[in-house]
Structures are given as C-alpha cells and as structure tokens.
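Next come two complexes built around chain A: one with chain B, the other with chain C.
Showing the complex of A and B:
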C-alpha cells in the first residue's frame, strides 16, 4: 500500500467522486486554476474543467448558499471554505438553511452538501488562519460534523460525505495536511460517518480526541507506554451526531477519561463528551473527567512563543495522561 | 402581448381566491381561531402575473412569506392554506413545523424557505447554476421584499447570477414598507431596480398593481433567462395594504389617510376595472366567482378545523434525510 499525505488522500477522494458521479462538483475561492491555496484541488480543474471545479467570488455566505441551491436541485456540491476562520459569514446559510431544510419541509427537501474547511493552529496563521470552529456546528441538529485525523479516514470519510444526503461540515487539520502520512489502499473504499475509532487500545486511561490532537495523542500514548501507562486513544472522527456508545464502552473499561481538543475549553466539544460520561458512566469512573483544551482566549496568537503557549503538543498531552493515571 | 380571454379570467380567479383567503385568515385571526397570518393583500397582481409567465411545474421558484397569491396560482389550495394556518396534520409545506405562509411545494419546484430575509435568493442562484450546468432551459424566479435588498445575501446572489449569466429572475415586491420602515430608511435610491446598475444585469421597475404589465415584464425576463441571456431584476411596485402581519399594528407608523389613498390602486380593483372594460368580466361572472371562492373557502375552513393535529412524535423527525417518513 502506498503511504500518502492527508491532503493527497483528500484530493484522491474528490478526484474519485468527481469521476464517479457527474452531479458532484467543487466550488470555492481559488479552487480552480490555482488548485486551492493549500493545493487540495490541484489538478482537478485541468482534469474536469471549469464547470466541475468552479472558482467563486470571495464571499463565503454564497459559497454555502449557492451550494445549498444546487443541492436542492439534485447536485452534490463540495464547497471549500478557504479557512475555517472565514466560515462565519456562511453560518446563516449553514445553520438557518442547510441544517433545517429537511426538518422544516418534513423531508420534501434535503441538502446533500459537503463544506470542507481547514482548521487549527500551529502554522503561524495568527488569529484568523488558525481557529477551530467545530463547536459552533456540533450544537446544530441537521448537520453532521466530521474531522479526520489520518489519510485513510480522510479519504474514506470524505467519499462517504459526498454520498451522504445531509449537509456535512468536514473540517481538516491543516497542520497535518503534509505532516500526517499513512497508508491508503488502491481502489474503492469508504469509512462510515458516525462511528468513532479506537485507534490505540489501552486499559488505564481513555483519551477522547480528534483531528490534529489525535495525531499528538498517539505520540503521547507512546511516551507514557514506556512508563507503564496504558492509554486507550479514541479518535472521535464524527463529532456530530455523537457516537455515545463507543465513548461509554471505552470509559467503562478504563474508568478514566481525558478529553483533548485544540479548540478552547469553555463550551467546547469536550463538554458534551464529559457530560455524556458523567451522565451515563458515573458508576464506572475512578477519577474525575478531565479536559485538556486550548486556553480561553479569542484565538491563536501569531508570535511564535505565544502560539506555542496556546497550542497543545504530545508533551502536554502526555503530562495530562500521567496526572490522570496517578489519580 | 396578447393574453387570451380565458387566461385573463384565470388570472383574475387566482387573484380573487388569494384575496378572499387572505381576508378570511384575518377574520379567523380576529376571532381567535388561528394564531398568525402574514398577508399578501396588495401583492396579488404582481404574484399571479409572475406565476403565469412561468412554465408552472417546470420552472423553479424560491419564494418568500408574502407570496400567497403566487402559491395559489401554482396550485396551493385553500385546504392547504387553512391546514397550515391551523398547524394541522397533513399540512403540506412542513407538516405543521413552520409558521403559516412559509411555503414549499416539491411537485411544483417551489423550494422551502425560512423567515430570515433574502436567504432564498442565494438558493435561487444555486438552482440557476445547476440549471446551467445541466444545460437545461428552465428558469428560476426568486421573490423578496424591497427591505430584503439591504441584505448581503441578496447582493451576493445577484452578483453570482450576473457573473455566470444564470437563468434567475429576482422579483422584488416593493410594497414601500419593511414592517415599519419606509423606503428612505432602507435605501438611498428611489427604486430597487436601480440597484442592478452596479451589478451587471438589467433592472426594470414595473407597476405591480397591473397584472398585465407584470405578466409581460416577467415573461420578457423569462425569455431572456431561458435563452441563456442571463438574469433580470424586476421591481414590482405596489403598496402593502395591511399591517406586516397579524402581530403588527401599522397605525403606529403610517396614517389612515395614506392607506386609504393607496386603496384606490388596489390591484384587484385595477384588474377588475380593466377586464370589465374589455368585456372579459361582467357583473354576472364576477358574482359567480365570488360565490365559488366563498364556497371553497368555507369548505376549507371546516375541513381544517375538523382535521387532527399532528401526533407529538412528529416533532422529533426528520432531522436527517435517513429519517424521512413518506405517507
């Protein structure tokens, strides 16, 4: 099997879906001739033409809203928001329209739409090229929120997202685009939207995480393993709807839960995981549920030491695992 | 443009049925039998004229909440309307989930819309894009109030349609008020049609109380759109003869004298007078139409009042496409 990068896996998924179904098309800022500012769509404009890979005006609201209209017509748009940080103008369309369409029309209309956006810091992007925005959308019934952590899942989940009949927010850890490599088989496969994945089984502490922090959590688990701590790493992958069964099964086994995300702590996705555990696995807990998250500041600062202060890394995660294991 | 006698009678019938339905809704509200109504009184000529200029069931429509007469002309029945006013089971736009006059008719290509204004315009641009990508000769008409042209969503939608020469007709129903705010608080131009100048599409202002003028204006725009000559902005100028909704009291912001003055330009009166002069309608046929409307509406009210409410379980779905239950 070939080992490829996360962004290559995403591009393969889009390439294969464009080839498979002529209702699929891509639109976004600079996705065509330029191939995307991160080169996620590189070569697709040349291969499929300007009708299938559409450069849009710099207006995120209509990237989402025009996508919704095309989806209502029966197409399957893949919309790229250039950075997660730029998605806020589109929230009215995503939350008020895409998410509610099926419910409000009693199923007469559905919105098969994928909105891809790179998220996360650690790349020198400052406040407006580093944000984690998932928590705004994991509050919204009608949306599905997916965050892959490795090339295999990225390709398989994106292909599932394109085939899903609902609006899907697909957030990609941009720091991992070229850093995270992994084996991806030749040929057709998909990864289902919904189930979490136990990426490293363990017995002492459950670490619930996703995206870039999952990559670091695996490194942290490796570090503490050398010290005799067995950490189970659960890659949540689909944040919404929540895979409560996998979360609860893991914490019932280990008795300890650490939730790790890069997004800031308060009101973050980890609160939902913590509440699920507190509500349904309370008798199984041997320690308080802990969250290791970004600090409650508006966004990631630019200056290098400030960015490092904000960001989690394998050492910080390993420290939190140790602390919880000792409890 | 020649409009046959039969078609003129059909136009008048649709305006009349909408007007009498609308008046009945106000009466039901004042009697405490319904909770909410939002009125199309004063808009009938523009809406019915526009509907007749489309190929109904073939072309697409992204309407807004003041489009009762347009929906009647597309086959929205008095029973449908009464069920939706009362939130009864079988209500066809949303199964009782949406407020009344938030339309959706899949079989007539009328897409579901929400209450935040101008959101539907972006969907129309997306539908127009899909039509163009499919190389079809359909058109899409989206309607909105003049207040909605202040929204960025409207601007983005028009910009998209103009860039890609999409088959979209933007029909601004300028009734001079956005709830309480008159034109001068909404825009610095005298006519919403002027806004087309900077966006690269034709903008025409039409007497929205004259059904024949509206039919011809929309028909011309449809002909352009259908033959690949791009979008048109049509401003239909009329007067909102009622408060914004049943929850509004327009005495707070406009004089009775002003309202009375505009009743002289009631589109029903304008249409009837014209059709009487040409012999299309006479006293006898008008009386027959009135009786027919009253009978149909009486029956619809009784039908809806006897109809059951939805089972409460229906509130729980369909959040996702997988949960849609047919029948």
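Showing the complex of A and C:
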C-alpha cells in the first residue's frame, strides 16, 4: 500500500471521480492553471480540460451560487473555497438556498454539491488564513459537514461526498495537508459519511475530536499510555449529522469525555457534543464533560509565539487527558 | 510555594493507613528527609520522610485518623505562608481512639453514613444502586478521595473474589447428623402418591455476574416460573425483617384421631392428611391472635377479616404454588381435608383458578414431608407470618419426669418483625401447639 499525504489523497479522490462521472467538475479560484494554491488540483486541468476544471473570479458567493445552479441541473460540482476564512460571502447561498432546496421543493430538487475548503491555523496564516468555520454549518439542517483527519478517510470521504445527493461542506485541516501521511489502498473504495471512527480504543477517558486535533490526540494518547492512562480516541469525521451512537457508547465505557477542537471554545462544535453527552449519557458519567478548545480570541494571531499559544498541541491535549483521568 | 505531603501507597494493595504519631509539630522547621510522621498499616509502622525542607505549616490529619492513599497529610512551606489548599481536607475514613486514652475504650469503627463520601458521580450512584452497594465500603482513588467508577468496579470484583468459601454442608461434617439434608438428595426418587410440599428456600443473593466459569459448567437458563420465584423470595426478604421462632408439638392425640378417622374419610372419597390438622390449628390460633391475620401497609396495619390459609405446594423443580383455603375458620376438619385434597390435586394437574392462588392471609409450608426437621421459611407476601411444619418423628420426651416416646413435630413460625414482636408470635405459636396437643 502506498503512503501518501493528505493533499495527495484529496487529489486522487477528485481525479477518480472526474474520471468516473462526466457530470463531476471542479470550480474555484486558482484550481485550474495554477493547480490550486495548495496543489490540491495539480494536473487535473491538464488531464480533464477547462470545461471540467474551471478557474473562477475572486467571488465566493458566485462560486457557491453557480455550483448550486449546476447541481440543480443534475451536475455534480466540487466547489473550492480557497480558504475557509473566505466562505462568509457564500453563506447566504449555502444556508438559504442549498440547504433548503430539497425541503422547500418537497424532495423534487436536490443539490448534489460539495464545497471544499481548507480550514484551521498553525501555518502562520494570521487572521484570514487560519479560521475554523465548521461551527457555522453544523447548525444547518439540510447540509452535511465532513472533516477528514487522515489520507485514507480524506480520499474515501471525498468520493462519498461527491456521490451524495446533499450539499456537503468538506473542510480539510490545512496544517495537515503535507504533515499527515498515511496508507491508502490501490483501487476503488469509499468511506461512508456518518459513522465516526474509534481510531484508538481505550478504557479511561474518551477523546472526541476531528481534523488536525485528531492527529495530535493520537500522539497525546500515546504519551499518556506510558503513564498508565488508556485514552480512547474517537475521530468524529462527520460532524453533521454526528454519530451519536458511537459517542454515547464510548462514554458509557469510560465515563469520562474530553472534546478537543481548535475552533474557539464558546459556541464551537464541541458544545453540541458536550450537550448531547450530558443529556443522553448522564447516568454513565464519572466526571464532568470537558472541552479543550481554541481560546475565545477574535483570531489566530499572526505572531508566531502567540499563534503557538492559541493552537492546541499534543502536550496540551495530554494534560487535559491526564487531568480528566485523575478526577 | 507550599509543598503538600501526600499519604503514600505503602504497598501493592495497601490503600489506607492510620496516622499514629506526628514526629514534628506545626511551626517546626524541617529538613528534607527528616522523619515527619508515623503511619500504621495492618499493624506495621512506617515512617514517612519529608519530601522538602521548610516549616510544617499545617497538619491536616490528626493522630488516630485513618486516611486513604493520596490524601493530604500536611503542608510544608515558608514560615507565615498560607497553604494554598487548606480548604480540601483529607478524606478521613475512620477515627480510632488510641488505647492509652482510656482503659476500656475500644476503637470506634466508621459506621456507614458517617464517613464523608465526597462527590458521587452519576455512574457511581447507578452502579451502587444496581448492586445494592454501601458506598462507605468503597475506597476512593479519585481527586480528593472521590469514589470513581473504577473504584466501584474494582470493589465489586474483589467482593466476589473474597466471598468466603461456602461452609461444608452440615451432613458432610462428621457427627452432625442429617439436619437439612436437601430433599433432592434424601428422596432422589421422589415420593410417589404423596402431597409433596417443599419449604421455600432463600435464593442466592442478587448481585453481579458470577466469577469466571469452571470447566464443565453448563448454563441452564431460568424458566419464567423460576424467575418469578426468585424475584418474590428476594423481595419478601428485602421488605420484611424475618424472625423465626420454633416450638415443638406432641402429636399423640392428632395421630390417634387420624388413625381413628382415616378410614371413614377414605370412604368419603379423600385422604385425611396431617396438613388438615395444622390448617385447623392455625385457624383457631388466628382467632385468638387476630393481629397475625394482617398485612403491612405504609398507612398502618391492615387487619383481614377472612382467614384464608395458603398451603405451599411444590410442582416439581420448576414451580412452587400456594393454593388458598378460603374461610378456613368456618370449615370443619372434614371440610378442610376435602379442600386440601381438591386444591392439591388441581394444583398438580395445573387446573387451579387464579382466585384460588390469591388472597391468602396466612401460609403453611409442610417442609417436613421431604425430611426437614425445622426450617426458617420465607414469608409469602403480603402475609405477616408463615408456619413451617417439620417432619413428624417419634422422639423420646420427658413427661412427668419419665421418658415417653411421642410423635413430635417442630413448628417454625417466621414472622414479619415490623408487625409482630416475639411475645405475640410466641403466643400464637403456643396456641397452635396447644390446639394440636389437645386434639379431640
């Protein structure tokens, strides 16, 4: 099995879907000739031509809107928003049009659209190239929100997203694009949207996380294992609709839940998971449900030392696991 | 920055210790490695050295107190410094009065409820409830001595493991005779044609799943009837405080009466069993002690008017049923005998009506039929008492300072001590004995 990076896995998924179905196409800023600012679409313009890999103007609202229109006609667009930070102009199209189309047409119209965007900090991006935006969309029925944490899931989930008839927000941890490597099998496979993955079974503390933080959580779990703490790491993968069953079963097992994400604490996606656990796993709890998240600060700082202060890392996660295990 | 002196774990399985003597006083200067305090665990005394130099700011645990490993014993710091966690006192599990304090004082062990348990998390509360657990028995290893889920699970495991091995059966101990030999052993082939009444036996205490299976174990799932019996027996024991009082009755006159009348009853089409006499005697005794014909309720004692006597009947291994003789006090011996025959026969052929197994106000169990001499039967709720009738055996007894051979029977009356006291129970049982011993 080949070991590839997260960005390679995403590119392979798009390549394979473009080859499989001629209704699939890519549109976004710099995706064609440039091959994407992160090289996510490198080589695809040359392979499939300008009709299938479309360079758009700097106009996120239209990227989403045109994508929605194309999807309504039965095409399967993969729209790229160059940085999650830029998605806000497109929110009206996404929330008021894409999310509601199926409901409002009583199932007659669907929007089989994927909107991909890199998210997250830790790459010196500063205020407008580091934001986590998933919390805005995990709140909207009619959308799905998917965040892979490793190459195998990234490829399989992106393929599933393209084939899904719903509008899907597919956020990719940009810090992990080249940092996270993993084995990906040859041949066709998909990963289902919905189920979470218990990437590391354990008995003392459940750690619910996704994206870059999942990568760090695995390292933290390894660290604390040496101290005799058995942490169960659960990669949520699909944030909306979330795999409640796996979450509750894990809490039933360990009695202690720690939710980790790099987005700001207050109103972040972790609050939803915490509320679900508190309300539906209450009799199984042996400790308060804790969240380890980005601080409630308006942005990821540009200054490196401050960025490091903002960002979570394996040590901070290990500390939180230890503290909860000790409770 | 103050240093906390934490109670160490002084051995693999040692989780608590008693502070026997502080070797330094509050305010005293201490060097690192100075002996600080003496701890006693299982009669072994250990000295704990100080992990830091400084002033002993505060002693958190007094001499004589027992604390768990991890508890805060003392704080060391700079003179005048306020220790930062004086507000979280050690979890003192037990306070013992040192022997020198008083000649006759004995150590006062913690009673359940007097030990502060700390925060009980939802899952700990759930596990405690499910397993009928007294949490004061569980050591806490969490923060501040909190009882964690793991602590409860570990305790439940050891509770099974340290359960004492079952005592050898009485008949297996030389010289103890054949008391309580189970009927299935004594009467392995069954007792054909006889009314086979077995005594209700207390089931094993409900608790966590048994320890690892042994080779050759076979799992026999419980029948619905068995499950109900198990539930009812447990429930009865859990609600009523059971006390059994035993007397013996000389059945010479009863035996004589039965011999004289057996044939006549057979002619009328049914057997005259000893049970009929016991039912009659109980009915008469209940009239003299009406409080025995009652049921407990939260509002007060419910005294029943009709005297409905249930007779426990065994339908083999799988079932125990209690048909009821309604209005036993209004029946003659003939009427009672007839009712017993009818009910027992229909019980065995499973043709009893629902009404016929409900509404008892008193129950008799004839465990003597299977060889038992006396027993401590379980009350058939919502009755307030049950009479166990043992095997009728000829025994030498002393009458007027001479030895006579009499057919004797032990009568064991288990009563609900919420409702009855020994005096009334004994009064009732004496009356039963009196009726039997003076049968005409």
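Keep in mind that, in the parts below, the second predicted complex is superposed on the first by the 327 of 327 C-alpha atoms of A that agree within 3 Å, B and C clash if a C-alpha of one lies under 4 Å from a C-alpha of the other, contacts with A are read in each partner's own complex, and residues count from 1 in each chain.
Assume a contact is a pair of C-beta atoms (placed from the backbone, for glycine too) under 8 Å apart; a residue touches a chain by one contact, two chains touch by 3 or more.
Note that this is a predicted model, so its numbers are computed, not measured.
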| item | value |
| --- | --- |
| Combined model on chain A: chain C and chain B, fit or clash | fit |
| Chain B versus chain C as contact partner of A:128, first or second or both or neither | neither |
| Partner chain(s) touched by A:309 [first = chain B, second = chain C, both, neither] | neither |
| Contacts of A:284 with chain B and chain C, given as first, second, both or neither | second |
| Chain B versus chain C as contact partner of A:189, first or second or both or neither | neither |
| Superposition-derived comparison: chain B or chain C, residues of chain A touched | B |
| Partner chain(s) touched by A:102 [first = chain B, second = chain C, both, neither] | first |
| First (chain B), second (chain C), both or neither touched by A:74 | first |
| After superposition on chain A, the shortest CA separation from chain B to chain C (Å) | 34 |
| Overlap of chain C and chain B interfaces on chain A (superposed complexes) | none |
| Contact set on chain A toward chain B in their complex | 25, 51, 56-57, 59, 61-62, 65-75, 77, 89, 92-93, 96-97, 100-110, 112, 141-142, 144, 164-166 |
| Footprint of chain C on chain A - complex, ascending | 204, 255, 282-287, 326-327 |
| In the complex with chain A, residue positions of chain C that touch it | 121-124, 126, 142-143, 146, 148-150 |
| Interfacial residue positions of chain B with respect to chain A in the complex | 60, 62, 93-95, 97-98, 102, 104, 106, 111-112, 114, 116, 119, 122-131, 133-134, 152-153, 156-157, 159-160, 163, 317-326 |
